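Before anything else, here is the set of structures, which you'll find just below.
Two complexes come next, and they have one chain in common, chain A, joined by chain B in the first and chain C in the second.
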Partner chain A sequence: MKQSLKHFIRLVNFEFERMYKFLFAVMGILIAANLAGYILLPLEYMNNAREIMRIDSLTTAQFIENNDPFSMYPVSISLWVLGPIALGIIGFIFYSVFIWYREWFGKNTFIYRLLMIPVSRMQIFFAKFLMIVIGVFSLLALQLLSLWIGEIIVSNIVLGEFYTSYNLPQILQLNYIFQIIFPSIGEVFLGSYIIGFVAVLVLFTVILFERSFRIKGLVMGIGYAIACLFFVLSPNLIPTVFKNYHILFDSELILLIFGFSLIVGMISILLSRYLLKHKITV
Partner chain B sequence: MSKYAKLIGITLFTIVSFCIYGIAKTSAETTTNLKIETTEGDDTYADSFNLSGYIYGESNTLLPTFHYTDGAFELKDESSFFEILDASIYLTADQLMEEHKSFMRGKSPYAQFKVEDEKVVYAASDTDQYWQETSTNQLNVSLLDKANDEISDYTFSLPEDSSGTSLESVRNFYVQYPMVYFTLLTAESNNSSLYKIYSADLSKETPELQLVREIDSKLSTVDSLYSSLSESANSRYLGLAEINYNEYEMSVDSFTIYDYETDTLLETQSLEGIEQPNLLRDGENLYITSPSENGLTVYQVDTSAEPAALSPIFELPASENGPILPAFISDNILYSYEEHYDSVALNYSIQINDLNTGDLLYKGEILGEDSEPVDMSLIDIQKAAE
Partner chain C sequence: MIEVKDIHKNFGRKKVLKGVSFTVNKGEITCLIGINGVGKTTILNAIMDLTPIKRGEILIDEKQHSPEMYNQITFIPDAAIMLPGMTIQQAMDFMKEYHSVWNEKRAKDLLRFFKLKVSDKIQDLSKGNVAKVNLLMGLSLDVDYILMDEPFSGIDIFTREQITEVFSSRLVEDRGVLITTHEISDIEHLIDKVLLLDDGVIMKEFYAEAMRENEGKSVVDVLREVYEG
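Entry: the complex of A and B
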């Protein structure tokens, strides 16, 4: 068991060594873009404010009466902040595919050596999966840190009455995108990210189908993914079947969707295990 | 160990960041607790009503819903996640969800419920429960016996002579067990809408809907005509009126009172000079309230005369804060509320007056625990169970 864990940690570290350049690149873009937003947008606001106050001979109070004070809200909905988030999401979807295909199509065909390592093949699977999990959460953590620092920077550029200050939890509630990425309710946060990582497991299974059976496998994999999607969303059909929106309580509907997601996750793991063990051969 | 430095570093960074965020979130959470501060009268009346509504947050987003029952506020946000999901802003539906959850399965919280000491009756059309382009013309009725939690379900179809009629929704119903009377909004084949009164005898083995009467197509039901709150008590009277629309204003010339028990229609005297009339029912008695320059005037409706005569009972003096709006009348006591906006918050006061004398029995203001105004919206007010 101890040996097995040691191998697993080594595998995870190995995968991390291959991923960290990509991760740090995305993190670098996030920090740079966010910083630009934290500096440029408040400066633009203050310049506009001074210009308007000068032209219309307004006092600060008069200006504030007719114009909204600045806050982290316009920064949080700008491309400087939302752009890196989109980049991170697309990047990790791409990386979730790349993390497997690089083994076959990289400089060296590494998959053979990987599968020859005297460890359970599922350890390879879970090491890659854990990499995605660590990568996503580390980006989220960096975004939280960035917003916290951003609030300090912006509040030092836009002073006094021109600025409405919000703490970090409030900033996350201002923006619809952040409400999805950082749900304020713990159960929603946990549930939505578990379902998200189940989707990664399904994607891995589709890739293994393709690697096992090539074109036929790709078709099977896509079919499997669509079936999983329908299965997870099927509780939403229950009101339609019974012609009653209230046949299930909202809590029951959420629990069913979550439960079905976990079932899909388990099936994906078992299918992946079968494919890795019997169909992907050295 | 150094070969794991980057992995350990990034993992620690992630865990520590989320932990700090969690702590910051918990310490930043400010629960807006509410209280009712008695400003005048006997504070024992503070337990005689229930409230529900929303509290607004700093970024003008709706925050927790609140319920005020048994003299205490409960913020729904403080319940578990799954309780929040199943909670309803409407007091009746929420109370039934807590006390009789199995009865509420399949029931729309926005439909009609009549709650009595021993029974709960629910009525809704299929369209109320599941919107369909073509109505199935079915009315679903459910009866709960509170004593033994026994549920009896009935599904009624419109009578056979209703071809061309499409059932849209249940607008009102009255229970005089075993008889139940329904006011249904129907769509007719000539594209008009019509209110029709049907009855059913639930004591029969196979109860059926019987058409009692069609209401003049010019008339509409007047529940919550000028008020955002509606009465939910089981009343034998149905308020109807011809509503005139002039640009952005509504007006009514007179009310027509339908008596479910006697199947009679009675028109009131002209409402000329009576602005924004609200019809309130208290058992066998009917009242009309109207905002006036000096406050709120309450009229008693004398149903023994034809047309029904209105006699002013008393006038509630206007408040410096804003208009007084009637909520309901129960046991000869008028429950009303004031809604006033002071550029910071929309806040409310509850006022209770004796209907016979007009005497103020109670007035209380809804405030935060720190006695500061709280920006909120009142959705429902009802008589508390005794």
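Entry: the complex of A and C
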């Protein structure tokens, strides 16, 4: 058991060494874009404000009366902040596919060596999965830190009377995207990310189906993914089926979806285990 | 002993293996010979549990495959299977980390014998040096069985001589070796058992020395008889 854990940690470390360039590149883009937004947008606001006040001969109070003060809101909905988030999401969906296919289609067929390591093949599976989890949470943590720093930068560029200050929890409520990726309720946060990571497990299973049975496997995998999606969303049909729209509270519906997601996650792990053990081919 | 019992394998509708059975004994070099595309590599992959078989059974010392078996049997392929960006040292470290049977002293001896530099990256190696690195990785494991796929394919005469020297050395003594090749002349004198694979089955199985002594035929003579009628 101890040896097995040691091997797993080595595999995770090995996968991290292969991922860090990608992760750091996305992080770099996030920091650079966010910083640009934290500096350029307030400067632009202040330039506009000075220009309007000069042309219209307005005092600061008169300007504020007719115009919204600056805050983190326009920054939070700008491309400087939402762009890197979109890039991170697309990047990690791409990486979840790439993390497997590179073993077969890289310059050398590394899958030979990987499958011949004297450890359970599920350790390889979980090491890759953990990489996605680590990557996603690293980016989330960096985005939080960036927003906190952003508030400090912006408040130092915009003069006090032109600025409405928000603390970090308030910033996270400013737009819909933040409410999705940083839910303020712990249970919702946990549930959302469980569903997200179960989707990664399903994607891994689809890839292993394809790598085991090629074209037939791809069709089977897509069928499996559609079945999973239907199953997870099926609690939404309960009110329609029973022709009673008050049969479930919203919280009960969400709980059912989380529960069904966990079942899909377990089935995906078991299927992946079977495919890696009995069907995978180099 | 490796026991391959009545294995069948299809690629799509094409039946590649139609009931292949043979054994590989410790202390013997067994050579699997067949024309290209006949399924030699598939057999090696199946023994290593790198591809599933449709039917049949493969046992290693009477046991079915498990992850621990990779400390008992190793596969030396004909192409690079380490990450291209790795140096030879990093590749050796990788093997050492996961294989409890890694023999560091032997690895260093082979490194010297093959005149390889630990700082060289896998992606910069010639075909011959890739073959040497593969041999180094495989032979540095204290395993009971070694499978080798076309070790002489596309490499120069000097590298061939080095590899042949390895075959005749103590490095493979006491181990069961299964090798696929069609460059039989280089190692004919080293082979114990020959398996001729054709049309999905083992067409002929014989001991090379017995064939020479009893029938006065070399392995190549038998090959000609079988394949050229």
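By definition in this document, the second predicted complex is superposed on the first by the 280 of 282 C-alpha atoms of A that agree within 3 Å, B and C clash if a C-alpha of one lies under 4 Å from a C-alpha of the other, contacts with A are read in each partner's own complex, and residues count from 1 in each chain.
Note that in this section contacts are C-beta pairs under 8 Å (C-beta built on N, C-alpha and C of every residue); 3 or more make two chains touch, one makes a residue touch a chain.
Just so we're clear, the structure is a prediction, and the values are computed from it rather than from any experiment.
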Go through the superposed model and pick first if A:I117 touches only chain B, second if only chain C, both, or neither. second
For A:K243, select first, second, both or neither according to whether it touches chain B, chain C, the two together, or no partner. first
For A:E65, decide between first (touching chain B), second (touching chain C), both and neither. neither
Does chain A have more residues touched by chain B or by chain C? B
Once the two structures are superposed, pull the chain A residues common to the chain B and chain C interfaces. none
Residues of chain A that touch chain C when the two form their complex: 7, 10, 14, 18, 106-110, 112-113, 115-121, 212, 278-282
With touch defined as at the start, can you tell me which chain C residues reach chain A in the complex? 45, 48-52, 67-71, 74-75, 77, 79-84, 94, 97-100, 122-123
Contacts from chain B onto chain A in the complex sit at residues 3-4, 6-7, 10-11, 13-14, 17-18, 21, 24-25, 28-29, 57-59, 61, 81-83, 85-86, 101, 104-109, 126, 129-130, 132
Report the residues of chain A in contact with chain B in the complex, numbered from low to high. 9, 12-13, 16-17, 20, 23, 73, 134, 137-138, 140-142, 144-145, 166-170, 173-174, 184-188, 239, 242-247, 249-251, 254-255
